[in-house]
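Going in written order, the chains are labelled A, B, C, D, E and F, and every chain counts its residues from 1.
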Amino acid sequence: MPDDSRNEFKGETPSLKAVIKELCRPASYEAVYHRHWQEVPMPSGEALAEMVERLRAVLFPGYYGDSEVTPESMGWHVGAHLDAVFRILAEQIKRGTCFVCDREEVGQCADCEAKARNLALRFLARLPHIREMLAGDVSAAYEGDPAAKSPGETIYCYPSIWALTNQRIAHELHELGVAIIPRIITELAHSRTGIDIHPGARIGRRFFIDHGTGVVIGETAVIGDNVRLYQGVTLGAKSFPKDEKGNPIKGIPRHPIVEDEVIIYSGATILGRVTIGKGSVIGGNVWLTSDVPPGSKVIQRQDGEG
Amino acid sequence: MPDDSRNEFKGETPSLKAVIKELCRPASYEAVYHRHWQEVPMPSGEALAEMVERLRAVLFPGYYGDSEVTPESMGWHVGAHLDAVFRILAEQIKRGTCFVCDREEVGQCADCEAKARNLALRFLARLPHIREMLAGDVSAAYEGDPAAKSPGETIYCYPSIWALTNQRIAHELHELGVAIIPRIITELAHSRTGIDIHPGARIGRRFFIDHGTGVVIGETAVIGDNVRLYQGVTLGAKSFPKDEKGNPIKGIPRHPIVEDEVIIYSGATILGRVTIGKGSVIGGNVWLTSDVPPGSKVIQRQDGEG
Amino acid sequence: MPDDSRNEFKGETPSLKAVIKELCRPASYEAVYHRHWQEVPMPSGEALAEMVERLRAVLFPGYYGDSEVTPESMGWHVGAHLDAVFRILAEQIKRGTCFVCDREEVGQCADCEAKARNLALRFLARLPHIREMLAGDVSAAYEGDPAAKSPGETIYCYPSIWALTNQRIAHELHELGVAIIPRIITELAHSRTGIDIHPGARIGRRFFIDHGTGVVIGETAVIGDNVRLYQGVTLGAKSFPKDEKGNPIKGIPRHPIVEDEVIIYSGATILGRVTIGKGSVIGGNVWLTSDVPPGSKVIQRQDGEG
Amino acid sequence: MPDDSRNEFKGETPSLKAVIKELCRPASYEAVYHRHWQEVPMPSGEALAEMVERLRAVLFPGYYGDSEVTPESMGWHVGAHLDAVFRILAEQIKRGTCFVCDREEVGQCADCEAKARNLALRFLARLPHIREMLAGDVSAAYEGDPAAKSPGETIYCYPSIWALTNQRIAHELHELGVAIIPRIITELAHSRTGIDIHPGARIGRRFFIDHGTGVVIGETAVIGDNVRLYQGVTLGAKSFPKDEKGNPIKGIPRHPIVEDEVIIYSGATILGRVTIGKGSVIGGNVWLTSDVPPGSKVIQRQDGEG
Amino acid sequence: MPDDSRNEFKGETPSLKAVIKELCRPASYEAVYHRHWQEVPMPSGEALAEMVERLRAVLFPGYYGDSEVTPESMGWHVGAHLDAVFRILAEQIKRGTCFVCDREEVGQCADCEAKARNLALRFLARLPHIREMLAGDVSAAYEGDPAAKSPGETIYCYPSIWALTNQRIAHELHELGVAIIPRIITELAHSRTGIDIHPGARIGRRFFIDHGTGVVIGETAVIGDNVRLYQGVTLGAKSFPKDEKGNPIKGIPRHPIVEDEVIIYSGATILGRVTIGKGSVIGGNVWLTSDVPPGSKVIQRQDGEG
Amino acid sequence: MPDDSRNEFKGETPSLKAVIKELCRPASYEAVYHRHWQEVPMPSGEALAEMVERLRAVLFPGYYGDSEVTPESMGWHVGAHLDAVFRILAEQIKRGTCFVCDREEVGQCADCEAKARNLALRFLARLPHIREMLAGDVSAAYEGDPAAKSPGETIYCYPSIWALTNQRIAHELHELGVAIIPRIITELAHSRTGIDIHPGARIGRRFFIDHGTGVVIGETAVIGDNVRLYQGVTLGAKSFPKDEKGNPIKGIPRHPIVEDEVIIYSGATILGRVTIGKGSVIGGNVWLTSDVPPGSKVIQRQDGEG
């Protein structure tokens, strides 16, 4: 249980100098200190945020970035943004690679930069696909929410579109094997929207999350087309096997598969590699850890007294 | 199901130039592109955020804005803020109107600006009422949370007061028929607090939401006086009728009515146009889709094994 | 029930001038106006945010602040940060004290500044302890999430570490009796992460909150070592006794005790001064208001039809 | 002579309120108050500064703006910058026109916006010419200063190139008849470099001003090719005829003509519509108010005693 | 003569640590180190710059600050600005007093704050006078420069008006005996415009400085009405008596008196307590150290050869 | 003579597209385009400005940077600043080297980074010397200006001290052979103060420039101890030999030598490698191109008529 009484400085309040000395002992800092590896700095959340805003301007012209873009001027703006995105991304991929680098692979540092540029270019080639998917998400949001007055309103105001833009960008980077960068990109959206979708999650067309706060979608989740979620839904892992050292084994499929046309109401929790069959409806606050056949309705039992 | 394999650029990585060209094809962008309508720019989230901060300084003098305001100097500061608010708001209302404008009403653009100014002025006339409601919310927060040390602390630190300030402002604008602006104002608070209250919701006196993250209150919800909510509570819609084209019919009452003195504990989900009778208590994580008579207690069944 | 019809300005839209006059009547503003006390300004959220960022740079060298810090240069950077932290904190503690000051204690204002400096110094002496606790949280996060690729990734990206850093700082200030400042510090993290832990909560070693959005941990909660929580978990109060005036009595133990090795899945709600015995597992969405013996498993009943 | 003794508030120090009242009397402010004309705001120095920086990025690619621009990506960056420049400039020209508008021309306001756009476009068509002139200035600076190590250094560090960039931009706008905007653009450079060249001055190729502080070149000055000036040189007006009301008659040629290959050393003052003949050298601190034939050397007499 | 060879670290390049140690020896820093006096911080150039911008908005409504101010809203804006100016100024006067404080007067610190507030209020009472003087300067600028198209243009673009605004503000503070603050205010304008007028200079009505770079007007200069100066004019001191320790005696009249209607052309230098008689014209680059009777013309001799 | 009539786009106004195309032709941009060399970016004026501000905080503790530094905390602040300065400077030196790099030396790029770090360290070792020189400049300013109320005031407000700080820093870098960086550092001061001192100038102890606007001191000037200058003084080159291609030969001594105790009044111009003997006084606006023996007084002849 928590023990607040321990104090490195027994008896009396130490001087500022003594505190600083204590904090600079290697034994104090070694577990929480990041050393530059090959002089490459940390990935920059700020640079990635700028990159994502430039991508938003490219993906939704007129809504983000220069609001006066026309079909005639679009080529210049898209070009200038993507030229910048390419350089930011190549640099950040390189930093991400170094951040997670196994120090025995030093010999491979040489082509790390070339690899990063190649990955950045391959990511850019996925942008038409990302935009197409997001256009589907926009019409799903408009159709799925009676409070939406126009598709444009969902692009401009809905946390669902914001979070999915980040996730679909991050997912393509994740598929390319890029380290840590995708996670930072989805955290940017998590912090703003309360929607936490892991970059690894595979999400189909026309996906909509209404309100969204508290939604969690895990790394190996698979979501079909035309799925709709409400706030507080969890698609999580039930448990996970550990290796002989007791560390969880990474990368095993452990999150749900949600088939096409499924609706999951607010607060429902679905855990483990279960399949929610096509067209099923999962009620609010339901807790599910087993497969559900297509067309099911699962609701929470309710008891009241009054 | 999600199909990551599709690629506009089969076989090899395309050049940046080819990606840009692809993204500038009308077929690629038309569903996600915003065209200026009559040269009027988009509503500005930044301008609205400034406006709300100025209103906060007016509504809670000394807590926000110039902290050294005195009864003697208050007139100048309130005057200067409201003069600025008036102009920001009139401009943003005009932009919002154009954003949702049905292009066949072009003839009515002429008086769009005059209408916007009139609406802005009518909104300002509601500020004394808004402040009075918020003063009630403040004492409800102080009385409702044993951790609160003073009413001032709830003004300064509590997400509930922050979110309600935005919502009560947005609600008055919503009542005046202002388009999209109210929604942007509540989203500003949603992003910061995790509390998502639609501008349309009608909320009584002395309302308090403790902690708040994940709370959702829908467009047609009605909340009485002295109601208290906890985090993760949903007052949502159960389902909604669609028109012959399959689009949801907008504007139908579809969210709960919560009468005076009701308490709803964390994670409870109440869906549809149901009425929670006066003085009822709804337990945590309960899922409710039917009326509850006054004075009820509804709790979740619980099973355990150990 | 809400009554939108009331209007101070019956009949017609008033002038801006009339609105300003109305808002400057003492009767309108007195409940929501903060008067300077002894000319001491309000605590500054901005200054506290800077302070916490400097502390983050001290606690996690290389991850935050100057990313190129080396063992050789660490003393200068830690020294410069803590010297600034000391002054910011002493000033903010003084402001916080005045903010809550009972105006009858005026005679004690004289040594208020000296007290604030002493408290700031005593806080700094707790930093080695705070860092040690956070180092434990980092390894718990790494071991507890199969999606984490390295401990460093959890320092850099995980909302759990961010929120715990703020809370462990705020908790030490709370233990020293500092007013309001700790609460502002935890709200900074609440707004960013959706994790709302009261500064008063006592938290053991190696604590991990996965995803985190919607987690609420109350003022008098006690959490053991090696505890893991998921998003949406509430450790709240069930009800609280009121004094003769109907105000809640402050400071009574009213939140759960969670013993070592407990896991609580997403959306679970545990209310009141109950004890969750060592090693217990509480399932998702469970609603618990009574003690649970060590080693228990509590799951939600589930009903489905399809 | 100055009389500091006058005081509106005789006898005693007035209240803040009385001062404010006095300052808001029309008689107090009418001479120094700008009224919006047709609701068009003032020209924005900030917007013009952004515009000039974008033009600098276009004129000197790689030196200003995106430093990593390549021949391949240049089209996008130049396009995006000029698209923005076009809109900023059209807006600012319109504002400038309204700022100086004779209120009897109201009928012509209608096409004011269209005219502004046309002028902006005609300005843009002069950019290749402006760049060509500046390229000449750059080699003149490199060749004219033994301290310059490369032409690039003069682009990057020399106040002469900075000031000429602003002036050559402003001059083209001046030639198009644009009001006030050109003057704001040259003042931006004057404030930074101490070089004050009126937008109306006509300047030939390969012009160089070494050091530059205190240089003044008047509205109707004409400067040939390959001219070199040093700091503190004035090309000013001697006197100017006034109209019957005693106001100076605007627009009459009243500044010097400096022919090709002339060098003017620091501090020299040349006043009036005089001509400095080709290839002349004017010594430091000389004061000249008459024509000088080609090939002249004019030096100051000097007396010393020791 | 300069001796670059000396090096504290003979023989070899020292470590960073050794440099830091050397710089922290009292013998190294004592002559250039500022110690807080009574914990009062230094005057803040940033705060004073904000204050001057607020005063500019008050003095020239519509040109600076909120450009949409109307006669109706002027009271609020002027009030809010001056309320802020009052507090900024009182604080900065107090800091300035401490900065120059003779440490033997400690006993008088008690009422230092009250004195500062009184001085700030007395300054504010001079604002109508300052505005009236500036209105005269504006018409002098318009009438004195054939390139000026309207009086408003001189308010908005002319360095003369900018510099005189700062100086006339600073002069009133100087007359009130405020320490150092006036000098910082004139330096703000000097840095921007190149016009260096000491706060002590007494300047009459309708003063105009064309172009202005390099103008210097000393502490005890006196300038009449309707005087016009050009760039590079110096009204300086010739020499100054020293006290027995060899320090210059402060405060003795030592700069020129320039009577009404005088014109001084660019680069002229006038030194010492001489009087330039009413209506005189001083030519460019003239160097003057003796009295000149009213109506004189003084020009530089010129010699040329060709 | 200037020919404004030329237009690449004869006859009619071209489209924006045509302008962009024209500006992207290599023939248009090649003379003004900077290509990255070895992917090393341009030196950053912003980074150098930050570096100089950190150095100012080190050189004048308490006046700049953290104003509350004490003898106890000085080591941390100086250490943290210099650690940052070291890294900024090493990076900028590397960039500067690449900016001027002769492309045939490619083989030497390898150790460019190591050289840059070594130069940065050697610069830091000169800081105690720089501070000592500046301390002398401060007392010279205080003693030389009757308007100065304390030495601290000159540190805080006098452009002379500001400009000399930049120049003495830049001079040490110039002595170490660092390319372009020193010039950018002195231009930062030139732009702010109007004082343009080349980094190459060798300046003795206790140097003071009063007012300063328009002062120019050339690359090879040598200035003794206890020299005082006023505004507008030029220590320049008279002419310079050119090589066979007509380019000026770089680096030849061509600026004045000013011996100890010399005073030069405002606007004086001294050109060429002349020597101003010890203790001489040069009057205002004098134009000098020959040696002056020690103890001379040189004044301008003056003629007047009235």
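By our rule, contacts are C-beta pairs under 8 Å (C-beta built on N, C-alpha and C of every residue); 3 or more make two chains touch, one makes a residue touch a chain.
Every value quoted in this text rests on a predicted model; they were computed, and no experiment measured them.
Centroid distances built from C-alpha atoms place C farthest away from chain D. Taken over every residue number at the interface, the positions common to chain B and chain C amount to under half, indicating a different-residue contact.
Centre-to-centre separation of chain C and chain E, using mean CA positions: 50 Å. Centroids of chain B and chain E (each the mean of its C-alpha atoms) stand 51 Å apart. We define each chain's centre as the mean of its Cα atoms; on that basis chain B and chain F are separated by 56 Å. The multi-chain contact residues of chain A, meaning those touching 2 or more other chains, are 16, 20, 68, 73, 75-76, 78-79, 82-83, 194, 213-214, 232, 267, 285-286, 299-301.
For chain E in complex with chain F, the residues that touch the partner chain are 1-4, 6-9, 13-14, 16, 19-24, 26, 28-29, 31-36, 41-43, 99-100, 179-180, 183-184, 187, 190-191, 194, 196, 198, 200, 213-216, 218-219, 232, 234, 236-237, 240, 246-252, 254, 267, 269, 271, 280, 285-288, 292-293, 295-301. Remark: chain F residues 66, 68, 73, 75-84, 87 touch chain C in the complex.
On the side of chain A, the complex with chain B involves touching residues 58-63, 67-68, 70-71, 74-75, 78-79, 82-83, 86, 118, 121-122, 124-129, 131-132, 134-135, 138-139, 143-147, 149-153, 155-157, 159, 175, 192-194, 202-205, 211, 213-214, 222-225, 230-232, 259-260, 265-267, 283-286, 299-306.
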